[in-house]
Amino acid sequence: MDAILEARGLTKRFHGLVAVNGVSFQLRRGEILGLIGPNGAGKTTLVNMVSGTLAPTAGDLLFEGRSVRGVPAYRRAHLGIGRTFQVMKPFPGMSVLENVAVGALFGANGGERNLERARAWARACLESVGLGKRIAQRADALGGPDRKRLELARALAMKPRLLLLDEVMAGLNHVEIEEVIEDIRRVRAQGISILVIEHVMKAIKSLSDRVFVLHHGEKIVEGGTAEVLSDPRVVEAYLGRQRR
Amino acid sequence: MRAGNPARSAARWIALAAVVALLAALPWCGNAVLVQFGISALLLATLAQGWNIIGGYAGYPSFGNSVFYGLGAYGVAIAMAQYQLPFWVGMLLALGLGVAFAGLLGLAVLRLRGHYFAICTLGLALVMTAIVSNLPLAGGNIGLVLPLLGNAALFYELALGLLVLATLTVFWLARSRFGLGLIAIRENEEGAAVMGVNTTLYKVLAFMLSAAFTALAGGIYAYYITYIDPAGVFDLALNVKMIIMAVFGGPGSVLGPVLGAFILSVISEILATKVTSVASMFFGIVIVVAVVFMPRGISHLVAHVRQAGWRYFVDNVRAHRL
Amino acid sequence: MALLAQIVVSGVLLGGLYALMALGLALVWGVLNIVNLSHGALIMLGAYATYFLFTGAHVDPFAALPLAAAALFAAGYLIQRGILNLVIRGPMFNTLLITFGIEVILTYLAQLWFSADYRAINPRYAGSSYTFGGVTVPLVQALGFAIAIGLTAAMWLFLLHSRTGRGIRAAAQNLVAARLYGVDPKRIYALTFGLGAALAGVAGGLYGTVSQINPYIGGPLTAKSFVIAIIGGLDNPFGVVVGGLFLGIVESLTALYVGPTYRDVASFGILVLVLVARPSGLLGRTA
């Protein structure tokens, strides 16, 4: 089985508090892997370790068969790892087009050096997520759903081989969720492997080939989407959260 | 990144070229006081433009740029006074000292953000006087005397040339991949890193570029003034001036810092001759008023005040008050 | 050995004063997230207030301290209410810059009113000192040290146990929560800045009794206060005391063994080293 991303016992401790504990998983080339779990389960911490903004306390991470331990975030972007942020991090003072152009200029393999070509590619990415009409606006003038689309376009502009989507659907309505699901399908059709973190179960069900579940920083279940979602431990983890 | 109307942008270039030509002709009007004032205003504008690269574009508010200025001044002074080398060799030394120091310093302190970076560079600016005062090569706290050239027009043209070079560099920067990377760092450093910007390298390069213009300005100043001492050229007040001029004019814009430097130089010169007691407080008052009412500087004000009128100032206060 | 003991004692006495200087800066920084670059200028004003009460009205410098504190409290309260509250939600750099502007204005107002001459507060007992086993302790410095430590402890108790103190701590944690708690942020911010300024005022009065003053002492004192706050962290006043003592001792040792001109180099060398090694401060929380 050809894994594009493999985690081996990834662990992150913050001052004695264990956020992620010995998590191992494989993401196969071309697949969409769902990652679910209650709030505070360590999902974003895990994504941060994959994208390189957090260094793991222990464990190893392999991208396309090579360890990326100690490789800084920008080099991982050059290798082909793109991500979105749950708490969105656009460049507020830049235009929408410039926001995405940064991804095109600096992304995979160091990005496109030619400014005009980078801008053209950025425009194409924005059109593919339905933001084609907003390219001249300032990023901080966008509303919530458009910001989510901008996050996606920025990551796509990097021409990643692996895309980490951290709750791109939170706060969207049903119609918008359907649109984003379609966007993600199109991305996968281009051969990009995807890790989807999502609370919107409909999206997980319709997108993921496989799912794994984090709870209190540990992987509790992994497998096919339908069987995982009906697993009693998963139900308990989520119900436990709701009861609180 | 804006694609402007080509006819208008050509007109703008011609107007700018005319302004530069007029400025270049100024020494021939024969007014020595005016030339003297011009040299100081041009050097300050260069400093503001240099600060603009690290402070305005990369978003790292450096209080240490006066160190590069001092190093540049000492580079020229040491070359000319201690080794009797020609001026241009001194300028090379100035450039080398400033850029190398910025590189080393940058690697250490550009990892710090916000307050920490600002105060760390501030602390460094404060100790440089003490360090240089203890160096025999730099003449200790007595300072160094350079040969007298007595050609003010030449220094004026040199300062103008350096300012034009700095401004053209920033113009290029604002439209380049490098510049866009710097702006991305300013807007959101973590976001820039995961999108592939080598943030450390870019910040250090920006710091070095900023230092290059600052050090060269210091070098010109040293030869022009012919006598320098540590307290005079490692002067934190100079750093304050460049920041205020850049912020007043519009940090992160191409012409704002130059405009800010010219406007504030003229006003402070008038105040210094008319009401001396207010003149020294002038820059303090400018910062307080500018930060409250027009935090994005003159260039943003000019672009937006026509639409918004007085509401522009009210809106700025509304946006940031408690 | 006696010399070393003397140096350490002098360093400790100086350090107590440093701690008091930094306390106000750390309070404002921790609660308002403003690094107040005019802090040193406020210390300078406190020194002048004490000086003029002493020379003009013949008030004993130590008796003048509460008056200096009250005057500086009022000044600080007004600065926060009138100016800083207007920009506090803006970018960090704006608040940093505006306090720098205030520092410039205060410095030159002082120069205008008080002239640039060096002055010193010299009460009759300025020269008296006690000697314990070969180590000399000047009376004025010992008194200053006691006041500095006492005020730090009082500050700690105030923040922990008084109603206003709890309001300040609530505002430091979360402004929205503080509002729900019934705290008026405008007032509590102004109170906090006023308190910071009052502490600076007392520190300035004490500084004037051990050192010469002029309008320009503010800048380096701000930077030193910052160094101490960095070493000690913003969580608790006793961290600031540790930072102050540490800096006082290091400066005294440097002055003796390396040379007096290197005193400031040592303190800022420490600043750079600490920041580079541990950007969140030596004793502070890691972010």
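Should a chain be cited, it is by its letter among A, B and C, assigned in written order, with residues numbered from 1 in that chain.
Heads up, the rule we're going with is that a residue touches a chain if its C-beta (ideal position, glycine included) is under 8 Å from a C-beta of that chain, and two chains touch if they have at least 3 such contacts.
Since we're looking at a predicted model, the values are computed, not measured.
J.: Thinking of each chain as a vertex joined to the chains it touches, would you call that graph a line, ring, star, complete, or other?
T.: Basically the chains just string along in a line.
J.: Measuring from CA centroids, which chain ends up nearest the centre of the complete protein set?
T.: B
J.: Tell me which chain's centre, taken as the mean of its C-alpha atoms, is farthest from chain A.
T.: Taking each chain's C-alpha mean as its centre, the farthest from chain A is C.
J.: Go through A-B and B-C and name the pair with more C-beta contacts between its chains.
T.: Comparing A-B with B-C, the pair joined by more C-beta contacts is B-C.
J.: At what distance in angstrom does the C-alpha mean of chain C lie from that of chain A?
T.: The answer is 47 Å.
J.: Rounded to a whole Å, what is the gap between the Cα centroids of chain A and chain B?
T.: 41
J.: Determine the centre-to-centre distance between chain B and chain C, using the mean Cα coordinates as centres, and give it in whole Å.
T.: The mean C-alpha positions of chain B and chain C differ by 32 Å.
J.: Among all residues of chain B, which ones touch two or more of the remaining chains?
T.: none
J.: Going by the contact rule at the top, pick out the chain A residues touching chain B in the complex.
T.: 51-53, 72-78, 82-83, 85, 89-95, 97-98, 101-103, 105-108, 110-111, 113, 115, 118-119, 154, 158
J.: Given the complex with chain B, which residues does chain C contribute to the contact?
T.: Against chain B, chain C makes touches at 29, 35, 83, 85-94, 96-98, 100-105, 107-109, 111-112, 185-186, 189, 219-220, 223, 226-227, 230, 259, 261-262, 264-265, 268-269, 271-272, 275-276, 279.
J.: Chain A touches which residues of chain B in the complex?
T.: Going by the criterion above, the answer is residues 1, 175-177, 180-181, 183-184, 186-188, 190-199.
J.: Would you mind writing out the residues of chain B in touch with chain C in their complex?
T.: Residues in contact with chain C: 59, 61, 108-109, 111-116, 118-120, 122-124, 126-127, 130-131, 133-134, 236, 240, 243-244, 247, 277, 280-281, 283-288, 291-292, 295, 317, 319-322.
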